[in-house]
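The same chain A turns up in both complexes below, where it pairs with chain B and then with chain C.
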Partner chain A sequence: MRHLFLFATLFATPLSAGVPEALDEVILPGFSDFAEATKALSVAAQADCTPEAIEAPWNAAFDAWTQIGDIRIGPSETGALSVAFWPDTRGFTPRVLGNLIEARAEVGTDPEAFAEASIAARGLFALERMIYDADFNAYAPGSYACTLVRTITAELAGQGAALDAGWDGFARVMLSAGEDGNTLYLAPEEATRALYTQLLGSLEFTADSRLGRPLGTFDRPRPTRAEAWRAGRPLRNVLLDADAAVAQARALAGFDLPQTDAALARLHAAADKIDDPSFQNVKDPAARLRVEILQQHVRALSDTIEAELGGALGLTAGFNSQDGD
Partner chain B sequence: MTTRRVFIASLLAASANPAAGWAAVGGPTYLAAAKCRDGSHMLAGLREDGSVAFTVPLPARGHAAAAHPERAEAVGFARRPGSYAMVVDCRDGTVLHRLSAPQDRQFNGHGTFSPDGALLYTCEQRVEDSEGFVGIWDTAASYSRIGEFRSHGVGPHDIRVMPDHQSLVIANGGIRTDRWDRAKLNIDVMRPNLVYVDVTGALLERRDLPGFYQNSIRHLAVRGDGLVGLAMQWEGEAGYAPPLLALHRRGAPPVLCEAPLQDELAMGGYAGSVAFSGDGSEIAITSPRGGRIHRFSDGGVFLGAVSRADVCGLAPHAGGYVASDGLGGMLLLRGGTLTALARADVAWDNHLVAIRA
Partner chain C sequence: MKFAPSTALAVLIASPAFAVEKAEVLTTYADIAHAGYEDSLTTAQALQSAVEALIADPSPDTLDAARTAWLAARDPYQQTEVFRFGNAIVDDWEGKVNAWPLDEGLMDYVSDDYEGPTDENDYAALNIIANPQVTIAGRDVDASKITPELIADTLNEADGVESNVARGYHAIEFLLWGQDLNGTGPGAGERPYTDYVTGDDCTGGNCDRRGDYLKAATDLLVSDLEEMVSAWGADGDARQTVTVDEDAGITAMLTGMGSLSYGEQAGERMRLGLMLNDPEEEHDCFSDNTHNSHFYDGKGIQNVYLGQYTRVDGSVVRGASLSDLVTEADPALDAEMKARLDTTMAALGDIKAAAEGGFAYDQMLAPGDEKGEALIMGGVDGLIDQTRTIERIVTELALDDVAIEGSDSLDDPNAVFQ
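Right after this comes the complex of A and B.
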């Protein structure tokens, strides 16, 4: 860059610290696992489309997703949203699925064409409706809805493969941070910061949305706003997503994070006290309190990572993204 | 050889107009505030190639700057809602004037100069209820306050002079804030609007965004033919993904500019800056939360997204747009392609202000 200019206070920042490790140890294997899991789900659905037959592989795919699902850079910047369209604040998913089924729409029979369908009708949360929602899951083998389920799983497998391949390419962009022509990451430390920001963003999303949405307000708890509550996954997702954020933090650090490990253990201990893994009992003040405590532990984990990892790497959250105007 | 008469003439000229023009500070095209590594704040003048024309220290973080059309003077506003603004000499950072809002007024965002540089208009709100006002300051009389008029809305945040030079456009964000802590008090009933007034403050036109009352209208861009771009920030439920840009032309309803759902979701309900491209053929908004820029045609059709972490500042550039970010990057956006112009070891603050625009 010809016009590069530096100010006198330049100090040494770690060069792309931990980026190769985070990619090789956590992120790329995570996308590879998700591609495998969605492929297995699709294979199962083609053999037997009924909810009973695809419930287990769907949950396995969702488990795999939690390892990398909150990342929103590179191929995942918009690609993650058609895998996991949540929260659905405007109720798009049941509406679009209902319309497809009622119209027996051609697009629902062709995985390739389905890639152009609304993101609300695609991915894990559309399948959650088809498997667990009584308004949708009574379909018979051979019905349009059965074909639609096969289409959604096949298209999701396609997304899994595309994300896996896309991340292989995007990893090279992250690893070439600071090199000529890389306009996404103008310096090596920007790639480190990008991954660091993602894992903190995941914990923030868990606290604000995965836990904050069902908690609602004390006067008006909203249990049916919990993530994948029909499938009984809300608590499981909170824990798997937190585990994944810590795994990414460890890989990025390259050194031990004892305080982070302890904060994660406290989070799990708080989770053990929760009776209903779907948070459907948050109208009960005692049950609500336990979910609120869990939420505090998620925020505490985030603060600990900021201090222990962010502090060591000299990283701070975004200047403009954190302070609106 | 300097004659006595020329010497006196130059002396008189200097005392009558002691301020320097922009050429005297390196001919910058843009102003940008920044936070330095050591925690101090500065104001920089930047050229179109990304190079630095000047830097001067700022006594505190400024919220937004306004550039005098001729003199190398910038007005920096306190963090909103704030009680003071500073007029800074861009030669050395000297605070030439300190503007104090009247007792029951707070500065609430941006300000702009009249095209001849004689007046400064400031977005203000009444302390007790956030009712909007525009303060008028006489730049030739040490920036003394000479009047005010209503903004015809709540919580005005941005103001621009229209190309006819006879009218102003105001973004009333619609948000009532607590007088001390910026807490938002009326999110459930907020009503942002876009207002045009003449230079005496008489209301010419008022528009709102039906169906999107929680979409706070916060920043404006104006094209030479009077087309106005409005950038919004969503105050409603997270994940709602409303459009964050609208286009408006006097006398017509606003046109909402929508991107595909996954792109709107990726913006995080937040547009930080808005600018027309250098040739005016398209318009873009930034989202530091999403780390992306959305481009639209001047008819409101989505043209695409580009990614860059913590990007927020945006201004017209001969080649398209120039964008700045919290990582110190200055980038040229031409068509759908970003190229780096420069990277400084500072965090560029929210806005890039075009000088003489």
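Right after this comes the complex of A and C.
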């Protein structure tokens, strides 16, 4: 009978495990930081719209985004896409930005109206073009493009504030999982599973897209498909996103995850061997191999979390937004 | 008493004896798939005849008949999309017939404001119909004869770019309708029948090659569908894949339903297009048939759950269903699933009705169009809600430790440490 008893307690504990901790320690502070960082970016742009002036606050905002940017539930279900529209497989961002600038469209001068504009012209990746792409970044103070940059940053700050406020409300929905009146999460473990799905989805996206897209095939590597490569951020994003997934896993667990910590350390060690943080040298077989190894470490980290956290809590990931083609 | 604990344990862990056998549910599933692909094939054969008539005698009537045949062929096909995810045999094949979105300039002439080669695709404006000799990724290609082989082996996904779609429904759609140049305003593509008239009255240039292309692409579609009909036949490998292991088969059914509902249809096909406000981000963008394409995708998901499919001739394939299986485990969960599928179908039905009433799907994508946004988001919300219930069913049927090909989301949680 002793074994049966142990069996029962093992499965009794984890029902709502870690949801309050994940929200309080990682997710809510993450959205709060992103709101502050986008506000600082907007303030900087209103003072001086030039690429040199907004480069640092833009990077700080992107850093903040990596901590919560791959979450696709609650306010982020739809809200994340207009902050970070990527990958842009059909070149929408340069086309839509180019059209706005050529037409000197009024929508680009009004942050409130701009919230209705195509997501291709909004958020972090539109700003990346304006700051780093030679086709866009030669604008002068006082030009339409300068105003457009101010509009994009102001609208992005609005999105940051809206996400932050939205998550304060959504956190209450997650915390009341299984209670009467909660129609979204019918049991506590559904909220746990939702967060668990998000962090595994993030690692999957990093392996398949952040690393898989620039790798392409051996015969046809695609360096310009790397995420935010013009800004030199591809490797940084991979690492920050992985760190964030592990931080969420730790908070969700409430117990030590030594295997996961070790897997993350191996991932960082593999990253240290990469010369070009933009992955622009993946046409060189040796450089390519190092990026492939990094990709394997991201997948290994995901497998480790599944075993160490998912296994312990009896959790399996649900469907995520990357499922499909 | 000595045996009591182990007996108790055995009772605890023994599978409930289902009156509905999983094997029967899977048979229904495979039968519906087979019937759906058969209907797709016969309607594609009708399209093939109509295309031959158009090429033999181009006129407004023969063009119209070919378009009508294409539209009719879409309805059964879209109901089969639910069989893709979770079954690699289908998913690996699917890109041959339904790849989207496409850089149509690969195939034929396009408007002046069409983006030329892009960052992602050097061949977005290759125009194979106008150019019998081309170079693709450093290799000279002789395209003087447009054949199914040329399309399949050389043009489709040329240079490894997915949007180089040279075959399938959407390639044919483009050849029948042409680009929709109305933006988010009313109207679909307006390709004139004279694009297929050979001799002096030819418009758009190279009408004979355009006819060759249309014929080759249609023949290819028919042979591709023949392949899938046979894959779901009595000894077909797609059927084998889902029937050989019952739990894996049931998981494949649910994976197909969930992945199509959420990541694919709600996300990639509906919400993304809405947020981009781009009329090309609609699934059937040349013909303005997107409302039907979405509706029948949703219908296919419902078909799989209810274990019934109404064929193009009006007859019904039905049998033991996932719904029966869930009812035995938890009747309330079955009721929840049915209600959510109904809600989604009502929302997709609203989009269809609005489009048929003259408010086309691309008009719904216009920036700031609140009515269109509400219609589309109604469908998106319904699809997301039903995905949550599908997840509950996976848990309820205790299928969550089954590893499934084609879905990273229902992965094996017992993966070994590496």
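We adopt the following convention: the second predicted complex is superposed on the first by the 305 of 325 C-alpha atoms of A that agree within 3 Å, B and C clash if a C-alpha of one lies under 4 Å from a C-alpha of the other, contacts with A are read in each partner's own complex, and residues count from 1 in each chain.
What we mean here is this: contacts are C-beta pairs under 8 Å (C-beta built on N, C-alpha and C of every residue); 3 or more make two chains touch, one makes a residue touch a chain.
Please read all numbers here as calculations on a predicted model, not as lab measurements.
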Pick one for A:91: touches chain B only (first), chain C only (second), both, or neither. second
Winner on chain A touched-residue count between chain B and chain C: chain C
For A:120, using the defined touch cut-off, is the partner it touches chain B, chain C, both, or neither? Pick first, second, both or neither. both
Of the partners chain B and chain C, which touch A:197 in the superposed model: first, second, both, neither? both
Just checking: does A:186 make contact with chain B only, chain C only, both, or neither of them? Give me first, second, both or neither. both
Does chain B (first) or chain C (second) touch A:146, or do both, or does neither? neither
Partner chain in contact with A:310 - chain B first, chain C second, else both or neither: second
Touching A:77 in the superposition: chain B (first), chain C (second), both, neither? both
What is the contact status of A:324 with respect to chain B (first) and chain C (second): first, second, both, or neither? both
Just to be sure I read the superposition right, which of the two partners does A:217 touch: chain B = first, chain C = second, or both, or neither? second
Do chain B and chain C touch any of the same residues on chain A, and if so, which? 1, 4, 77-78, 81-82, 89-90, 118-120, 184, 186, 190, 193, 197, 318-321, 324-325
Give the list of chain A residues in touch with chain B in this complex. 1, 3-7, 9-11, 72-73, 77-78, 81-82, 86-90, 118-120, 183-184, 186-187, 190, 193-194, 197, 208-209, 318-321, 324-325
Listed in rising order, the residues of chain C that touch chain A in the complex are 5, 8-9, 85, 101, 103, 115, 118-120, 137, 159-160, 162-163, 258-265, 267-268, 271-272, 275-278, 280, 367-368, 384, 387-388, 390-392, 394-395, 400-401, 407-418
Which chain A residues qualify as touching chain C in the complex? 1, 4, 77-78, 81-82, 85, 89-92, 94-95, 107, 116-120, 184, 186, 190, 193, 197, 200-201, 204, 216-217, 220, 224-225, 259, 263, 300, 303-304, 306-307, 310-311, 315-325
Quick one: which bits of chain B touch chain A in the complex? Just the residue numbers, please. 35-38, 49-52, 63-64, 80, 109, 218, 233, 237-240, 261-263, 265-266, 270, 272, 288-292, 305, 307-312, 325-329, 331, 338-351
